[in-house]
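As written, the chain order gives the labels A, B, C and D, with residue 1 at the start of each chain.
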Amino acid sequence: MRVLFLGDVVGRAGREAVHDRLPELRERLSVDFAIVNGENAAGGFGITPDIAEALFDAGADVITTGNHAFDKREILTYFDAEPRLLRPANFPPETNGKGSGLYPTRDGRHVLVANVILRLFMDTSDCPFRAAEKIVEECPLGYGADFIFIDMHGEATSEKLALGHFLDGRASAVVGTHTHVPTADHMVLPGGTAYMTDAGMCGAYDSVIGMNKEAPVERFLSKTARPRLEAADGPATVSGLLVISDDATGLATHAEPVRLGGLLSETQPDC
Amino acid sequence: MRVLFLGDVVGRAGREAVHDRLPELRERLSVDFAIVNGENAAGGFGITPDIAEALFDAGADVITTGNHAFDKREILTYFDAEPRLLRPANFPPETNGKGSGLYPTRDGRHVLVANVILRLFMDTSDCPFRAAEKIVEECPLGYGADFIFIDMHGEATSEKLALGHFLDGRASAVVGTHTHVPTADHMVLPGGTAYMTDAGMCGAYDSVIGMNKEAPVERFLSKTARPRLEAADGPATVSGLLVISDDATGLATHAEPVRLGGLLSETQPDC
Amino acid sequence: MRVLFLGDVVGRAGREAVHDRLPELRERLSVDFAIVNGENAAGGFGITPDIAEALFDAGADVITTGNHAFDKREILTYFDAEPRLLRPANFPPETNGKGSGLYPTRDGRHVLVANVILRLFMDTSDCPFRAAEKIVEECPLGYGADFIFIDMHGEATSEKLALGHFLDGRASAVVGTHTHVPTADHMVLPGGTAYMTDAGMCGAYDSVIGMNKEAPVERFLSKTARPRLEAADGPATVSGLLVISDDATGLATHAEPVRLGGLLSETQPDC
Amino acid sequence: MRVLFLGDVVGRAGREAVHDRLPELRERLSVDFAIVNGENAAGGFGITPDIAEALFDAGADVITTGNHAFDKREILTYFDAEPRLLRPANFPPETNGKGSGLYPTRDGRHVLVANVILRLFMDTSDCPFRAAEKIVEECPLGYGADFIFIDMHGEATSEKLALGHFLDGRASAVVGTHTHVPTADHMVLPGGTAYMTDAGMCGAYDSVIGMNKEAPVERFLSKTARPRLEAADGPATVSGLLVISDDATGLATHAEPVRLGGLLSETQPDC
């Protein structure tokens, strides 16, 4: 199976880049299933129902999120109604929405997608390692799931790598989000799990993680200035990972980055 | 000028990779000046005088460090004696060693190298923005320095990008270290400063940031297990950035990643 | 019922103070049940089986702990064998020992004691609010438990107060530990739960939270000095809280601090 | 000299308690100089010029602050104009206002007051130990200052105790703020410096650090609820410390807590 993941969509620039690129990417790369992290799609903070619909229309089969999942109030009930929108599975049990789901591809295979949030340097949450393990054990590769994708939303490279190795051989792909910077360490781990510390954002990279760059610089310098953070304009990049799995095992055979448009060096799979 | 930077060297695997690759890289890429972050060269924790000497012998003109600078006690006096070994400039004023220096290239041009440590999700330090600004203002591009290289040792992508933009146009290159994962966002910022959020480590990538992978996973899972962290063996990657500057302005014209050996996708500049 | 709680015992000075004072305190204050936090009893870091035995001998009915529970390796199997020694209930499920227990008083009433660890500014753990709630709901006041005592081991005053109010009316007493400084906010909350943000330590207060004071000062000043932290000697204080409950409801009617010996102002209940 | 310090005034309840109690306290305790931390006086977040004026009118000679110093925008220029309002001295050099001052008592003696902010578990700042040391060295006891008072605004008990010991013998009093809970460890350190880890807040204690208690509890439980934090109403306590110094040395001879009104146990000096 060929699964495409795109990292945190940030603001209008990120949304437009996804809208412009995702349809052709699905086509050109023969994508069977596409997942997009949408936690910053609404001006950098959260996501609205309309924006979620637009991402689905652009070709996202599932939207994952993270710490910004609930920034917009109007998304709360939408989370309950729309099973293709996920929030971290290890949020409190009463939280609106759900953290994982099993979804059919257009040709009837099944993709298990889970979203977990990590803990180092982040808000408090229950154990993401155990949450992810429970999800993959309840619907393992070959028994229910043809492909398992984990979006791990986290800050620290050590925790992301540890979770990747912990799930190695049990998921098809474990890919990080949240730092908004793509890493160059995409690989297939020894057990057959595709891995990338961070997928990077879909947004304008002449910025501070997608936001207009002046304001964050001022905030780092001053205790009095509180300039508004706004999603940056300018040429945007879509950034993510294409994972190709062996249908016999559900494990990954290839993991290739996708970066198109904007300021970053472009790359796309030729397989 | 052509300046090569290699990120955090981790343990024996990282040291051997640098020893094997750096001489040929200097040659093939016509490197005028090479800088290596050595903070994890001694088994993952710190650096010793012997290891520093070996890195100089392999072709490092300057060694930078970070939070692990002083893990080995025998390095303390060596820091005072060896001006080519730097620790973060914004450590307390009484700290052994120094945080920046002006160094001649083999053909008599001058490279200003500074090491600063960032603050988000890290130990306390004085302001890295002001420390870096003071260093570049005291020896600006064109007046004393032909090239200015800043190794910013930090965790958070937001702080790294903010410092990059803050120094844009005032340094030739601002490159991150510490996360041990290379980022794919190398670029020349609008003002002419080469930038990369993290240069990645020189070490074995089938690991958790260069350390044997079982121990960190256990530590994330358990409050009782305290397995020893040891530098990972196995095929190692050298990871870093080549920056090419315009000698008339001291600003960057190209920034190209270097990743050779080991598990990561290989890349090297063809310019 | 009259329940005495003493905060974190730190090193030899703290142990000797408890040994000297606890028997007479039990006697003079007609204590029905005594609980002592022992997480720093062994030189400031952890607790050993011998030290636990000595604390039981001195009059502790139950010993609670915290983040230092497992600092000494020899305590691991002891935790499994000794039900009167508790570790945080919200540690991972596989953790040695247990986090709560129901214990008889000498006259046959029952005290439920639970130990939870908080999360703000501390290592990652699963939700302490839900862990504590589950414990009190499974054995509520009046149905199984005559008295419920919660030792909440935490750093932030906001999280401690929030947990106190969350459990108000459902526990007899919710008392904090870990900061090693007694607070002066002992009170009975509106719902009938005795509360104190931190019980303070049993140890030498001419120190930095019970450790020899020079070393911590140096560590705050320097990035190179790493002086050993050792438990401070000198005159020691026992610090804690006496809670008196109404046997009809299990709720608290009085909460009075105990501070005896050493440098702090002395106080003890006269009721 | 007799110097009274009152901790963080929180909201209307805190302001009214100070207004009601401070005049009589000055009188009854023969206070020569009164200092009040006002960082939460405006609804829990910051301070306004009018509120500062009211605190001066109630008897504050100097107002200190902390991380909330600039929450209200209208205070920025007032900080520049009013030398009796202090913000942390170790904020960036360009920050409005100043961090210390030398003030005359009504009978012509001089009190040096400084405000520093600590770093553990707090936002980034430059070194508070060196900032405080510089201030006391530039105007030492007996040479310019008859009394030196340091308000250290911080979270961690270890850092507060370390700073207290670091300044012991060089300041008349080092008292903590920010946790909003009074500690019971007031003492005169061996070198003659009065010390208290936290002075506690002036506000309503049936709350979570002065704020309406339901909202913080919900925030600890939920990732979706974001109830507004509002300063709590209800009976309020004034909380602080009276320090008595020897005019010959400037060092402290007594340190006695003040807690009046509201839910906490009342205490006041009888000396």
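Of note:
Quick note on the criterion: a residue touches a chain if its C-beta (ideal position, glycine included) is under 8 Å from a C-beta of that chain, and two chains touch if they have at least 3 such contacts.
Protein identities per chain, from UniProt: A, B, C, D = TIGR00282 family metallophosphoesterase.
Given the structure is predicted, the values throughout are model-derived calculations rather than measurements.
Traced through touching neighbours, the fewest hops from subunit B to subunit D number 1. More C-beta pairs touch across one of C-D and B-C than the other; that pair is C-D. If each chain is reduced to the centroid of its CA atoms, subunit C and subunit D end up 29 Å from each other. Note on chain placement: the centre of subunit B and the centre of subunit C lie 46 Å apart, centres being C-alpha means.
The residues of subunit D that reach two or more other chains are 92, 120, 127, 130, 221, listed in rising order. Interface of subunit C with subunit D (complex): residues 120-121, 127, 129-130, 155-159, 161-163, 165-166, 179-187, 189-190, 197-198, 200, 205-209, 213, 216-217, 220-221, 239, 257, 259, 263-265, 267. The touching residues of subunit D, counted against subunit A in their complex, run 69-70, 76, 87, 91-92, 94-96, 221-224.
Every residue of subunit A that touches subunit C in the complex is listed here, in rising order: 92, 119-120, 124-127, 130.
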